[in-house]
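To keep things simple, chains are lettered A, B, C and D as they appear, and every chain counts its residues starting from 1.
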Amino acid sequence: MDRKATLKREDGLWMLRRMRLIRQTSERIARLYPTNVMETPVHLCIGQEAVSVGLCRHLRDADKMFLGHRTHGPALAKGLPLPKLMAELYGRTTGCSHAFGGSMHLIDLEHGLPGSSAIIGGSIALGCGAALAAQLGKNDYVGVSYFGDAATNAGVFYESMNFAALRKLPVLFLCEDNGYSNVMPKSAHSAHDIVSVARQFMTTLQADGTDVLSVYEHTGEAVAQLRRGEGPVFLHCATKRWMKHQGHEACDIVDNGIDRERDCPIRKLEAFLLKSRLITPAELAQIEQAVEAEIDAAIQFAESSPFPDPSLLEVS
Amino acid sequence: MPWSRFDSNYEAPAGARDITYCAAIREAIDQAMCLDPRVFCIGLDADDKFGVFGSMSNLTHPERVLGTPISENAMTGVALGAALSGMRPIHVHLRNDFLLVAMDQIANYVAKWQDMFDHQVKVPLVIRSIIGRGWGCGAQHSQSLHGLFAQIPGLKVVMPSSPYDVKGLMLSAVKDDSPVLFLEHRWLYKNTGNVPEAMYTLPIGKAATLRRGGSLTVVATSLAAIHALKACEQQELDVDLIDPRTIKPLDLDTILASVHRTGRLLVVDYDFPFAGFASEVVAAVCERAHESLRQPPQRLCFPDRGMPSSGRLERAYYPTPERIGELMRQMILGSSIDADSFVN
Amino acid sequence: MDRKATLKREDGLWMLRRMRLIRQTSERIARLYPTNVMETPVHLCIGQEAVSVGLCRHLRDADKMFLGHRTHGPALAKGLPLPKLMAELYGRTTGCSHAFGGSMHLIDLEHGLPGSSAIIGGSIALGCGAALAAQLGKNDYVGVSYFGDAATNAGVFYESMNFAALRKLPVLFLCEDNGYSNVMPKSAHSAHDIVSVARQFMTTLQADGTDVLSVYEHTGEAVAQLRRGEGPVFLHCATKRWMKHQGHEACDIVDNGIDRERDCPIRKLEAFLLKSRLITPAELAQIEQAVEAEIDAAIQFAESSPFPDPSLLEVS
Amino acid sequence: MPWSRFDSNYEAPAGARDITYCAAIREAIDQAMCLDPRVFCIGLDADDKFGVFGSMSNLTHPERVLGTPISENAMTGVALGAALSGMRPIHVHLRNDFLLVAMDQIANYVAKWQDMFDHQVKVPLVIRSIIGRGWGCGAQHSQSLHGLFAQIPGLKVVMPSSPYDVKGLMLSAVKDDSPVLFLEHRWLYKNTGNVPEAMYTLPIGKAATLRRGGSLTVVATSLAAIHALKACEQQELDVDLIDPRTIKPLDLDTILASVHRTGRLLVVDYDFPFAGFASEVVAAVCERAHESLRQPPQRLCFPDRGMPSSGRLERAYYPTPERIGELMRQMILGSSIDADSFVN
């Protein structure tokens, strides 16, 4: 594919901005986290930004996406306003979940995020439910189940694939495969090739999850199939987790195969945009700065927001 | 919102038709589906010719009745996802034992979703399940798990005993914007009673008094309520018989008012005894009406072990109207019963 | 394969006798069932006898087999004495489960039947557990998970396959595919081909489940692989359920594709044995009669056995 | 049978080493594995470098420590199948919320297997799980589900509060021929106490009295017991503090003897309030010691809703030694507390 010929500047910029938003926000969280201002576990997405961003460029607000525990990236990509994320991490009432959810439970109905779950696997079924609602109600939104490689070990993944295939549901199974379940490598958690198994149930596609244009391209194909009513699609995105499973530290798994120069989805896109003359170096710097300012404002918002009143817990 | 034109009314009217418990469920589901296109039914064998023991036969909108594979856990997630997307699913299970397969979805997802997001979303999901027992079905096909589910915050648990109640409460459950677990005992299916043809709702969380009396308060739901009623009638006992109808939320006010009058409490619960619904009723009453109790409260439940299969053992395992009657009579006479048979 | 050349008379006779035992016992149960002497649900195996019998000819007492709800056939094939089955169905203390289990919960530790379960799917994992015990304890028995086509819809099936494959467990996944889950045909419960999915995890074999020699042959291969320690095997046996899902009546599904002449595993084996001159017509009749006598005796035993005493329920 | 040489002894000895709760678990597991080659450990992340929060670090037999995929339901079945085949598995979970994923196996299989076959088979299976909470983990990662599991016949539920108890009871659990659910609160892991190096078992079903007093009986387990103890010490209260240690089977005799002396009962249970362990204790005591109770019994539990995430809300959600102390003091003074805050 001649990417230069097809990629529109606005799409490129949008994706760059969102990836930067996720990256810089995550880096800021990592910096702040040791100060204990955020009393909640954090599962950062540094290095994995291409997956959610390439995907979400094809999604509409009406499309409903269900997430697991690693929420920040996909939620921001889908449209969750940053101040609402930050306030939630800070445990404030202005957070997207009003301080009840924390990092793993984000919601934004306006932007098609009906919630996320910290119990691995189960939310895969919820995306199918959204797709069923679309189908029964003759609505044209799609459902997206967004999950990691290890979530496919849970039986609910297969049950969901079978049901989605039986009913030809407009649901995308988005597998963000970072090769690990905490410190357990994929070879220890899966005896099989995940894509080959999924292929027994539905159309499968594979993208390079460190390259947003690859994800963007394949998602386009996938979402088009869904909107045509031709049944579910499984999209596999191989990517890399630069951080530890949880918290603010860099991944310390030996031989994790990560080269932050080579594998960086942001560098890749920036290089492409520059080469294709879709952007200038000055614009790049400007985006980075604008995002920093946005983060400053969001933190400011969070910090100045009220804590919830304990009386909120009273059960009537 | 098509549901707003209902009135809440929980007194059984006179003069309506007599129909079966099963027909009342069917009518409620059919009316709900006709009224509101967002209502749909889903479940293993929901769409087969048996129509969930007849409770879903010949519905007006079969296109909104979806069969599923044996995948109860994912199907619960599917129903939840649909509910979060604006539909009003009724997820049906032929036996409540199968709900345990879906426990992660029920307890970690369905029940918690609203609390986790400070109730920004509605979860209008009804999980219907039939409680069965007998004919040697054994330990995995004869449970009644209302006590287990009532423990989980975020679930309403409804288990009506009469045709009138089951129709009104089913409509309330479908109308409710929070998850409702709706449990129907199979042995009630053929019972008949007065049921208005028009749609009506009954309040979730409001007990019914099945019989008025002054000597003993008996709390019992579902089949246990019917058995207790039978026992009262057979032995002409002076019993105030309360059927909470919805075990969670629990109408404690009605129970307390009765205990204040009678001074005695018996809970008959067709479920496991340890930390079950009966324990809750006894504990809640003792906390609030300790001074009113003239003698120790009592519970009558299953033995604290899995169900046996042989008919001989089954008949000994489950309480009967006779055993309930005997216990009620002894309590009214004030004699003390060995409580050690209820808890291991 | 030239079956005549390889099949030993003793194997042929053993399989014929066991199939007849299952068939005639099931028919007797069907006759007696309407009289309510057996207070327990019955899931009969008429038409499906070849699967369990062809399998069990290769199993030893030490091999541990876990069953679902359709127990009678495989339990008898594995070695459960008929009187213990009958007494259990009659609810007597002399039953294999002492009247506590009923039709769906049979046990016979001596013959490698550690129990069966009426909740579909779960017992698949138990067979893997037995195989794990064999592996950890360096024992040479194998585990067998015996289940129907619809049990593969349950997530626990995939979880079990993955774990068995990861650990190279000596477990046989025996899928007795009668094409139905109650009245729901396979096309309604599975969007995929079950064998192709299983093949992603392990060696798969397919036998004709109406032909005991086909099952016998493939099981031989499968069990040999297990005993060599080469990891799990999935064996698919396509068969036909002549009866309703539960109870004593014949299957009334229209177009169920059953031809009781053509599809009968017993007729097939008898015809083969006769043609191969491994048996005489007189011997055939003799087997049938001996089995009838065995059934008479078993029923006699059951009927004269005591009912359990309700005091057995007392919890200490 | 290597296990027979133990003595049962449940008095904490003096003079032994002080080690942590975590080290006591590790020692018990290691000793059990060394003693009996049939003992093995299995669980998600059981074999990783974190060693289940240190409770399984550097075991002598790493070859008998098996990691698993995220497949809690099947893995429970695998553990059961191995137990039925003569092994003695310890299945470990980092959080008890994940047990809900395995509920079908736990409630329909593990718990029922012996009853279904009239106890012809042994099920020597320990399911270990850690109870966590705090740091904004939210509703799906902060539950304490002992009340739910205690409802299910066939499961023993053990939740020790001290290093001495946790070692002795872990060894008893592994030695037991029936399934035991073993719950360890994460907040106890760093607590230290006197623990003999040699192997010893403590009886499952026998309470410990943590403090003797005459004015109020307090029943509390696990972290709640430690918090209650702290409250008694801080406020110098005349409390008889009973830690049942094993919540099922429950040592009701010890509790009753205490209530007969004190005439007052408070149950502090870090779990959901409705039909939970606290309900059971209150109900069982009221049935058996109604006359001894001088005032209404009380329960102190979680609010009947899912756990919130924000630190502010978390700190209000969970009872504290201060709140426990306040309630104890009020009860001893005989003032009446509004019970309505415990049940919705």
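Keep this in mind: contacts are C-beta pairs under 8 Å (C-beta built on N, C-alpha and C of every residue); 3 or more make two chains touch, one makes a residue touch a chain.
If you're wondering where the values come from, they're calculated on a predicted model, not measured in any experiment.
Relative to chain B, the most remote chain by averaged C-alpha coordinates is A.
Note on chain placement: the centre of chain B and the centre of chain C lie 38 Å apart, centres being C-alpha means. If you average the CA atoms of chain A and of chain C, the two centres end up 47 Å from each other. Chain B has its Cα centroid 41 Å from the Cα centroid of chain A. Residue positions of chain B touching 2 or more other chains, listed in rising order: 69, 71, 73-74, 97, 100-101, 104, 108, 115-116, 138-140, 153, 303-305, 308, 344.
Shown for chain A are the residues in touch with two or more other chains, namely 97, 99-101, 105, 117, 119, 153-156, 159, 162, 166, 188-190, 312, 315. Arrangement of the chains shown, judged by which pairs touch: all-to-all, with no pair of chains left without contact.
Residues of chain A touching chain B in their complex: 64, 66, 97-101, 105, 107, 109, 114-115, 117, 119, 122-134, 136-137, 143, 155-156, 159-160, 162-163, 166-167, 312, 315. The touching residues of chain D, counted against chain B in their complex, run 97, 100-101, 103-104, 107-108, 111-112, 115-116, 138-140, 147-148, 150-154, 248-250, 252, 272, 274-280, 282-284, 286-288, 290-291, 293, 295-299, 303-306, 308, 339-340, 342-344.
The residues of chain D lying in touch with chain A in their complex are 45, 48-50, 67, 69-71, 73-74, 97-98, 100-101, 135-141, 303-305, 308-317, 341, 344. Across the complex, chain B meets chain A through its residues 37-38, 40, 64, 66, 68-69, 71, 73-87, 104-105, 108-109, 113, 115-118, 120-121, 153. Contacts from chain C toward chain A in the complex involve residues 153-159, 161-162, 165-166, 188-193, 196-197, 200-202.
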